[in-house]
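In the two complexes below, chain A is the common chain; its partner is chain B in one and chain C in the other.
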Partner chain A sequence: MSTEGEPMVGGPGAHVAEGGGPPMSLEIFEVFRQEKEGGPMVHGGSLLAPDGELAAHYARELYGRRQESVRLWVVKRSAIHDVTDPDLLQPPMDRSFKKPVGYSAGIKQKLAEARERAGGQE
Partner chain B sequence: MNDPARLQAFNRHVASGGKVEPGDWMPEEYRRAVGKFVEMHANSELMGVLPEREWILRAPTLRRKLALTAKVQDEVGHAQLLYRVAEDLGKPREAMLADLLAGKTKFHNVFHYPTRSWADVGIIAWLVDAAAIVAQQALRESSYAPYARTMKKICWEESVHILHGRDVVLTLVNGTARQRALVQDALDRWWGPLMQMHGPPTDPAKDRDLAWRIKTKDNETLRQEFLNVYVPRIREIGLEIPDPELGKDPETGRWHYTEPDWRELYAVVTGHGPKSAERLAFRQLNYGETQWVRDTVLHEPRAAA
Partner chain C sequence: MSALTGATGTSAHGLDDATRDALAELLLCMADDEFVLGYWDSEWTGIAPLLEEDVAFSSLAQDEIGHAAALYELLAGLTGEPADRIAYGREVDGYRQAALLDHARGDWAFSIARRFLYDTADAVRLDALAGSSYAPLAGLVAKMRREERYHLAHMHAWMVRLACGGEEPARRLAAACERLWPDALAVLAPPAGERRLLDAGILTESFATCRQRWLGELAPLFEELRLPFPFRPAPGASSSRARPAGAPAVADAGQPGRLEPTFPEPGPEGRTRHNDDFRWLWGELTSVYRSEPGATW
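And now, the complex of A and B:
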């Protein structure tokens, strides 16, 4: 920033800097925060910034002012691969053999039968 | 394009509690409706700090000054978060600020009124924030997911503001007769705007924002929830609510009250409130004075002369 002269003061509606260059492209950054050490990184929100350094400062102001975060991840949205294809993530096949719920039906009877067969031998 | 089958599927999705992320397909009308709703909310957060800001330098103790400064900082932070949610839907932040400063877009009625005494600061933080949080808690269920997530964070911060406001009010009602009278006077002046704040009862069947679950509760439901919780809390500390018609129907459990002045509400939110012009002028002045910051951040450095 130039130290010469007064900072520019625009009147109401002064949106364009006189003599300024073209607006730098702002980028969208997504902010993830960790509430306590070892916890998951949870999406907080997004922000606009010209670069990663300012994005980190903004993220701190918006998501870390009350000691509510121990870590922030500030990521360019353009770097995120958004995968939502249900054919990939929610295929309509029975996947219960991969989950605890696939082993709950009738398990009590099976266990009871096995115990009975064992005839109380311990 | 909005082909009918896609639109129907979208409507079913949101009506059944489904969520929408920024990159998902959405009808243009939905995009505009969410954007407009969130923009008005952001405007209210930004303008809402001005009545309280006036009291930072006059706060009675250092702790109160710190708490009030933090509250003002929080509310501006909420505006930042909400403008981001809104601009992600298409309208640039500069355009939203320009429309606010030109009086083309609205902000909440309660921020168009003067704060006459320190008791007003307590009543605002306690009751205006309480009435607001009733609406904001319902917005945590909004179909537009980034808004719903942001509201979770905002509600968490607002709950601290309410505790701060209640502490200010309780300290004053436990004080001298004059301090007590200040609180009653503030309540007398703020009750009308508070009752208008959620807006006139509307037909939920005709409210598109409800059908899309951009918001999840209609105006009258929100007002009833506010009354249900806060009327007893106001009365138990010996304050008198300035409405002789106010009471709860024991059969239906619903509150009845004097019809709020909806003409006043309409006049105020269209920029004809007692402080509308002054507050907007201050925002304009402030916007101009901080232009150099935006220029510094947003533009390439100029070549040294």
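And now, the complex of A and C:
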């Protein structure tokens, strides 16, 4: 049999238990699934659960009960480092030279000019 | 009972008539247990305490009906009666589920307690059939055990959470256990013809031994969760019969150390006398079948 659960701590999505008891604190978990061995882990969706143990059970029911997964990763959303800073991800300067294709700004124009200079001596 | 009045003479399965009838009775009891529990638990669809649990509990209920279908098919192969007719075509008195499965779903704690008591008893029953000489049953049990292991873990998680989840959940859970224990014993009441099943190797452990193993495994958990456990060692039990740490308390029935109920031992009608809750459920679950008996859906 499985181990005891972690203490139920407050968090987002606190629900009121049936029968008007104390609120049941739920946390958001993100579920990643692998369709076949060796394949990539793809985000499947999220769920609410009071702790990791039940989250794993619910992940199985929501993302694995039809045998559509061979592996699940169940992660507390709060454990994820959310990176959205535009200064990091969308810098204001032209950084196209960091792309694999090299410079992209005006590259077609430059190529056309180079051909012209060469005078068609190809 | 119609399911048991199949062909006479030599069985195609190499079983004599009496052994085949005993096996049929055992299969019917197990199938009805799973079938009726599946219907009761499916009543939580849409109203479970949280959406995720709603999906999970409904899925578990479907699993049980799936196990029942497989067991009815096994029975059909033995008796020649169609599985659907066995499942839906009987009168109330023809059903053989244990008294534990007769109760309406009750509150959430009641459903969890009932399901935990059933799943744990069923697990030891399946253990006693995993090595069955009746290959079709051994094969099915191997598959069922893989699913039941997960069901059990799910129920265990809820038992712990309710027992440790504050005054009201603990009180409701304790009340449910108190109420259900006597009827829970019916799950492992020795089946008719048990001796024949043991002799034929269809069953590898008596249900009396199964019951001791079941209670022995549950005792520490119920103590830890401070839940009612109305059993005590039989007189003459020696406390010096220590067992290795972590080992289950195994004791054969009739030996000192076996656990006996502190309430009167339930009578033999635990699978034959059904209550009004089940009469109502029977009306529901057979309504479509009865609307056009023999129809192909």
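One rule holds for everything that comes next: the second predicted complex is superposed on the first by the 79 of 122 C-alpha atoms of A that agree within 3 Å, B and C clash if a C-alpha of one lies under 4 Å from a C-alpha of the other, contacts with A are read in each partner's own complex, and residues count from 1 in each chain.
In this text, a contact is a pair of C-beta atoms (placed from the backbone, for glycine too) under 8 Å apart; a residue touches a chain by one contact, two chains touch by 3 or more.
Computed from a predicted model, the values in this text were never measured in an experiment.
Asks: Is A:40 touching the first partner chain B, the second partner chain C, both, or neither of them?
Replies: neither
Asks: Between chain B (first) and chain C (second), which, if any, makes contact with A:106: first, second, both or neither?
Replies: Neither partner.
Asks: Given the touch rule stated above, what does A:48 touch, chain B (first), chain C (second), both, or neither?
Replies: In the superposition, A:48 contacts both chain B and chain C.
Asks: Does the superposition put A:57 against chain B (first), chain C (second), both, or neither?
Replies: Once the two structures are laid over each other on A, A:57 reaches chain C alone.
Asks: Quick one: is A:119 in contact with chain B, with chain C, with both, or with neither? Answer first, second, both or neither.
Replies: Neither partner.
Asks: So, does A:28 touch the first partner chain B, the second partner chain C, both, or neither?
Replies: first
Asks: Looking at chain A, which partner touches more of its residues: chain C or chain B?
Replies: Per-residue touch count on chain A favours B.
Asks: Do chain B and chain C touch any of the same residues on chain A, and if so, which?
Replies: Chain A residues touching both partners: 1-2, 4, 8, 15, 17, 19, 21-22, 24, 26, 47-48, 50, 54, 61-62, 65.
Asks: Inside the complex, what are the residues of chain C that reach chain A?
Replies: 49-53, 55-56, 59, 107-108, 150, 152-154, 156-157, 160-161, 164-166, 168-169, 172, 221
Asks: Which bits of chain A are touching chain B when the two form their complex?
Replies: Touch residues, chain A against chain B: 1-2, 4, 7-15, 17, 19-24, 26, 28, 43-48, 50, 54, 61-62, 65-66, 82.
Asks: Per the contact definition, I'd like the list of chain A residues that touch chain C in the complex.
Replies: Touch residues, chain A against chain C: 1-2, 4-5, 8, 15, 17-19, 21-22, 24, 26, 47-50, 53-54, 57-58, 60-62, 65.
Asks: Given the complex with chain A, which residues does chain B contribute to the contact?
Replies: Interface residues on chain B, with respect to chain A: 23, 73, 77, 80-81, 84-85, 87-88, 93-94, 98, 101, 146, 149-150, 153, 157, 284-285, 287-289, 291-292, 295-302, 304-305.
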